[in-house]
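Which chain is which? They are A, B, C and D, in the order written, and residues in each are numbered from 1.
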Amino acid sequence: MTDDLTSNPLADDKLREECGIFGIWGKPQASAFAALGLHALQHRGQEAAGIVTYDGEQFHIERREGLVGDIFSVGGPVENLVGAAAIGHVRYSTTGGSLRRNIQPFFADVADGGIAVAHNGNLTNAIALRQRLVRNGSIFYSTSDTECIVHLVATSPAGRIVDRLVDALKQVEGAYSLVALTRKKLIGVRDPLGVRPLVLGKLDGCFVLASETCALDIIDAEYVRDVKPGEMVVISDEGLQSYQPFPPQRPRFCVFEYIYFARPDSLIDGLSVYDVRKAIGAELAREAAVSADVVVPVPDSGVPAAIGYAEAARLPFELGIIRNHYVGRTFIEPADHIRHLGVKLKHNANRGQLKGKRVILVDDSIVRGTTSKKIIKMVRDAGAAEVHMRIASPPMTDSCFYGVDTPEKKNLLAANYTVDEMCRLIGADSLNFVSINGLYRAMRQQKRETATTRYCDACLTGDYPTPLTDRDGESQGQLSLLAQA
Amino acid sequence: MTDDLTSNPLADDKLREECGIFGIWGKPQASAFAALGLHALQHRGQEAAGIVTYDGEQFHIERREGLVGDIFSVGGPVENLVGAAAIGHVRYSTTGGSLRRNIQPFFADVADGGIAVAHNGNLTNAIALRQRLVRNGSIFYSTSDTECIVHLVATSPAGRIVDRLVDALKQVEGAYSLVALTRKKLIGVRDPLGVRPLVLGKLDGCFVLASETCALDIIDAEYVRDVKPGEMVVISDEGLQSYQPFPPQRPRFCVFEYIYFARPDSLIDGLSVYDVRKAIGAELAREAAVSADVVVPVPDSGVPAAIGYAEAARLPFELGIIRNHYVGRTFIEPADHIRHLGVKLKHNANRGQLKGKRVILVDDSIVRGTTSKKIIKMVRDAGAAEVHMRIASPPMTDSCFYGVDTPEKKNLLAANYTVDEMCRLIGADSLNFVSINGLYRAMRQQKRETATTRYCDACLTGDYPTPLTDRDGESQGQLSLLAQA
Amino acid sequence: MTDDLTSNPLADDKLREECGIFGIWGKPQASAFAALGLHALQHRGQEAAGIVTYDGEQFHIERREGLVGDIFSVGGPVENLVGAAAIGHVRYSTTGGSLRRNIQPFFADVADGGIAVAHNGNLTNAIALRQRLVRNGSIFYSTSDTECIVHLVATSPAGRIVDRLVDALKQVEGAYSLVALTRKKLIGVRDPLGVRPLVLGKLDGCFVLASETCALDIIDAEYVRDVKPGEMVVISDEGLQSYQPFPPQRPRFCVFEYIYFARPDSLIDGLSVYDVRKAIGAELAREAAVSADVVVPVPDSGVPAAIGYAEAARLPFELGIIRNHYVGRTFIEPADHIRHLGVKLKHNANRGQLKGKRVILVDDSIVRGTTSKKIIKMVRDAGAAEVHMRIASPPMTDSCFYGVDTPEKKNLLAANYTVDEMCRLIGADSLNFVSINGLYRAMRQQKRETATTRYCDACLTGDYPTPLTDRDGESQGQLSLLAQA
Amino acid sequence: MTDDLTSNPLADDKLREECGIFGIWGKPQASAFAALGLHALQHRGQEAAGIVTYDGEQFHIERREGLVGDIFSVGGPVENLVGAAAIGHVRYSTTGGSLRRNIQPFFADVADGGIAVAHNGNLTNAIALRQRLVRNGSIFYSTSDTECIVHLVATSPAGRIVDRLVDALKQVEGAYSLVALTRKKLIGVRDPLGVRPLVLGKLDGCFVLASETCALDIIDAEYVRDVKPGEMVVISDEGLQSYQPFPPQRPRFCVFEYIYFARPDSLIDGLSVYDVRKAIGAELAREAAVSADVVVPVPDSGVPAAIGYAEAARLPFELGIIRNHYVGRTFIEPADHIRHLGVKLKHNANRGQLKGKRVILVDDSIVRGTTSKKIIKMVRDAGAAEVHMRIASPPMTDSCFYGVDTPEKKNLLAANYTVDEMCRLIGADSLNFVSINGLYRAMRQQKRETATTRYCDACLTGDYPTPLTDRDGESQGQLSLLAQA
């Protein structure tokens, strides 16, 4: 395991959610609401954003790299995105795929009119589908799996555009929550397993779709309910209709949405994300108690679990590490300076709270372990007497193929080392992960049982709920012969 | 006919050629040669340019708005366009179609590999083709007719990519010279009528294709021959093969390439463009002699004809109008200033050569007549005693549908007025156009005969050499529902 | 008091620190260290940043609007900023003064060589000085008070550049911490009152100057000591020399650096900022106890005081408000939507922690009161049973003239209303500010005494430690006749 | 003499005029007129442009790199340049001095108000003045000699701003035509020798100043007269006043304005530039007759002289070389290609007019000789039987210090070789320059006499009309210690 020698703050040791989606129907200036909703979903993707609107005659599109607030602020392109219907997308791209032409939503003129699609998730048979579509004459303009869905819609023999979309989705495997916009409808769908979230809200009588409830809050929309796994909601001027086009399946919602991805003020499937995280911290305190002076979160994601831990352990909670929220890009590491400043771009020790103390550090997860090692060193350099690391998730042993950018298994620390070995590698005095059953208890389940779990925890258990056609398939070749200039 | 009240220098009264194309095979740093070639073809399109290269593994593309010298200069994207094969395109877009996504070349991953296409001309059944393709599931990303060709290639049942291209071209009507690049071949084709030019050259043993010979000259390539109407040349590492995939037809090369579009130093079909223009001027002098003191060209396009006229008429040739070559965009017309400064952004009277003189003004054509009127006024204001306008083309009475941006017939001066009326409208003392037979004589023909003419002169005669399916078809609907944001 | 009707997140109700400064001498790639240091000081100014380096022959400068991480990242201009000596500046501009030409550091070629200056603070006789300088022929290129210092240096009759700087500073009134760079020296100075902070550090034997210790931490520099009020440190290849060029005065360090401006992990004058803030919270808990269920900070600035309050009051501390750290610019407020979404761009209620609870909200200060009102409404809308507002500073009754962007007195809530009135205006069930003596106790003083206080608390007391020449002077006229185009 | 191996079209072998200036008073939307005027003067400087306006309360400025038509077109900054008074400047910078901060006009707030200055010419004692000013405390922000004038105005003990300007100009040596704008006046001045042009015009009763008459023509302003050498015209709401603040001197107008710099449609000192150029061609035909088939200009600057030559020699005039007016930047020269394509970016042989012919090539001047060599080779490669080079100026043997970018003497071909040697070096069959007396005759003088010549022809004769203080002075040191980042 080699160290990370750059000071790229984006190179911290976190998973990356790939997308957030939003849709609204029947509301004048729909793009302004979409921009606000996407701003609230920005934590799900910071690389690029896009909005498509329909004004009754034409669709309008804007897709750019950057933050929502930079792209869609006053005076910007949002003013040209006219119309009372909109869908939007924020995106974090996987390595190597940060092509501008991959920015969503995608749009196509199909026989029946236009359709725009924005997608959160990942298809596990996208390459196989793409090969078949290209053989039949479809021309792909991106390397995104989402474009498969659009071509399946375009080439579907079905008549109405909704039927074409169902026809398309029946051919795909994997995880998807998606919103689609046609001239007459706003459509929201979750895959049969419901791996990714999607909620339904209402604003002044108009329906809203969003990845998380925090995107409803920002526009003062009322939360109605979660879209159900396998459900398709079709919103038009006639109101909302709900369909169940797929055979019923046991749902498998992603546990990492609770652990790390979702915003703490969001409510998923009736549970407060903040509460679940605090409960994980409390479970950890019970499972892995240790004599200490202070509980310190690795901010920001470790904060709720640390509050829960401190409360359960009756220890003081202190901000022993301060986070710098001004995002830097990759700074130059001065050549004679091999101290790996990277971590310090985001975090600094708050010495007064660490010096001479036995510190319990709480973080949400360990992926490669690089950041943990640096943070523990920083805390020790600040004078901590002991450093006990507590992780608010079970060990991550497997890659995700459902829309999260995970390293390959060989780069996951927990896939290659025992907890004792990891403890030594990161330099802690002790290291504990919450148990898988502790995690389930925090989610108000009794324990995990493979046969009945309603969550996707494949990254923690290797129990993948869908086929992985592309991963298990033949060598895949190049997605496109066209390189990015 | 209303006057043009803006000072947009692009609003001068000229036709717009829509494209120039270039290709080269087997030459390291092919993109640098393509950039030079496109620079020499810049007069064929100043709005945008693009280059695609193939490096043996991947294609590379760059397409942008702007001049070739700004896009592809040292330090710019040309340095990423690696490979020994390249095609390129310069473009002038028709009104309303200046979408960024219309910039060529187009690229597609098709079953057999990748293909890039650059096209000069215009298809007259593009809308009909598009409607059929969309019905079958093709997704269009531009509003360009050229994309039809790409989809026809992608969906062709033929096997090899060359056969697919032939299959595609057999379905299209209209005018096209095109270059295409695949992983193994550079292909050049002219439509069966050969409306648009395409020449073949050789540089250090490597084949080069270009719209005009001036693009060979700039890279010191040797002119080999014109690609023949209806010919497809397929260039690979094995050399060049010539095919004639279409049924033979009488060729119909565009007369306006001689009159205005082509660069005077280009050689088309064995004739020097400069010589033809001088010869037209000489014909005019014979057909429309007038007693005068000086022959003055409307620069730059009127210069060769004016030299020919002056020589034939034995009158002095003088630069009585000076052209400002620094292109301005649209300047603000000060509000209290209604003198229509527009024309002065490009032209200024050279008073010393005009004052008190009987002036013969020579221009290449009259389209709407707006510029002629202003120039004649400017020449009179400078003190000319008489102004005799001589036009080096017959009256333009019909629109072009073969890749030239012509106004609708109702806006063509000569379609609505007699020569006498036009003379009064533009304010000249006399006005003459060269006769159609005079034009043919200048091109070394005896005269024009409808049954045998080898030129397309539809804009002068209304004699269109192909069906005009889209023009004559049903209401065409919207090309795309997606507006440009 | 009118409401803020925009959704500009920058319009939150906070004071703005105007600057952070940094300097380093003798360290190759000095600009890379300066960029890191400025990144750590980004909270002191987010509008623009600049760095000047000296390479032994020439100075190099880069000043731009934007965040440090965007301006000085790898591949950017930092790579041209060569040399082993650097100074830098981050800036927040006052309203109307966001001219690009005001971005620091300033540079001048003076008789003795070049000098660059970066300044944190504000001169209170800048306009008077400027008028005198202009009368004598100095040409100002900015509207910044800092430029006065540069012109005073340039026109000083003194010989050496250090003497010129002392000469200049003896003529100015107000607050300044500044760093200056000449060909042979790095100079740091604090005004005689030491209103603004400046610390001295050491990295591998090289001296470093910075506004706060967090800028030393990020580059792993060791904290040496605070530069003393009225001290000038002159750093050269011969080491550091300390001067006391001004008559001794009782120091008056800004209390708001402790309350709000400085980063919690910084150490100022031996005191941890985080500790002071926690201690203020504890004082508040003692001074203004109330029966409640939960202590909730207004994030981020209210967090340490809330932790201190909760600890002292033995109440649970919860993140009842979640902050969105992705900064948006001004979003469009949809026209039919008069709910003042502004506050929600940054803050959202975490309902689960608020519903049905008696909530103690802790914030650092109230300026205009606009944000407090919206936040309290948001907390009530989320179901809070009671909302008790506790403010970790005494009421702000007066404007600051020492480098902080404060509203005019007429717009300060506490200057116009009693605490009871304010409570009603912001809609709280109770409102308490920490007492001035409580604040002093948190800073380890017994209490405040006007005659001996070593702090500037003019914004809380009206006790200004310097003359306010410009404020009290004649009408000031226009700083420059040149408007920004 | 080494060859030029780049394909930078700007590296052609021409002198560069450094500036054009324009001013207008009392005309609403003055900036729109200034933009048009500068567009007409674009040939005098293509690197950058600027406009300053005054609206009765404030000055407004915009200065940018680029062409006038790109900077000041509709929708651009020209719309913010409000006011009825404006001055403007176009600029070509000397090598190494293309600093953005050198772009004119310069502006200063001085005791009496604001003043903006735009300058065409070059001061020959600028460095000496600058050193004195810096010693006295002036801070320079550019490396331009023009800034000296501004500082001399600011520090002048005189009272009124006009008197300060006169005071300043009495201290400078060299060549200048300048326009200045204050709150109450538009001022135009030519240096006592009148080296650079400046004309006065009138538009609807408002006065206009411009470098050349073509800038009056474009806005339909009437030419009134040339500003006289040593004259200062002061234009205000009260009308125009003329001053002669300098002791009378024999004027010395730049001959190269006639030969190359000015636009052919401009009138200078009563003479048509076009007529002078034709007359030089006729002189050449008489002085250097040769048996030939065709006269071919090197376009565009050689055209009028070639017309004059052809007319006098009774030979056909033909465009044997075609110029590409689309300016490219520096294209990449493919590595295996050592043919020096550079010249072809601008010029191409028109083979039909050259093949087998004895060609007389007419160009305006030879500076380094690099382009002549390439053009002659190109003409020979096109099949010319003989190439006779005729140059419409005497041999250039000395550098210009009056505002023209000339190579150092050691790089001037004619300073180092005899005409015969030059003929061999450029590869011509014969080479002739017009004689100095021939040039004077073309300007309607009998002949040149050192004691009485009213022209500056120092570049042809070494007879400099002013001291060259900086050139002859001590080592000059660095103009600024601040490098461009």
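In this text, a residue touches a chain if its C-beta (ideal position, glycine included) is under 8 Å from a C-beta of that chain, and two chains touch if they have at least 3 such contacts.
Fair warning: this is a prediction, and the values are worked out from it, not measured in the lab.
Fewest steps needed to get from subunit A to subunit D, stepping only to touching chains, is 2.
Distance from the centre of subunit B peaks at C, each centre being the average of the chain's Cα atoms. Chain centres here are Cα means. That of subunit A falls 35 Å from that of subunit C.
Once the centre of each chain is set as its mean CA position, subunit A and subunit B turn out to be 51 Å apart.
Between the Cα centres of subunit B and subunit C there is a gap of 62 Å. Multi-chain contact residues of subunit C, defined as those touching 2 or more other chains: none present. Inter-chain contacts, as defined above, occur between A-B, A-C, B-D, C-D. In the complex of the two chains, the subunit C residues touching subunit A come out as 7, 9, 27-29, 32-33, 35-36, 39-40, 42-43, 46, 67-70, 72-74, 78-79, 204, 214, 217-220, 263-265, 267, 272, 274-275, 300, 303-304, 307, 311, 316-319, 322, 324-337, 339, 341, 344-345, 348-353. Contact residues of subunit A toward subunit B in the complex are 58-62, 77, 80-81, 107-111, 113-114, 134-141, 150-151, 154-156, 183, 478, 480-483, 485.
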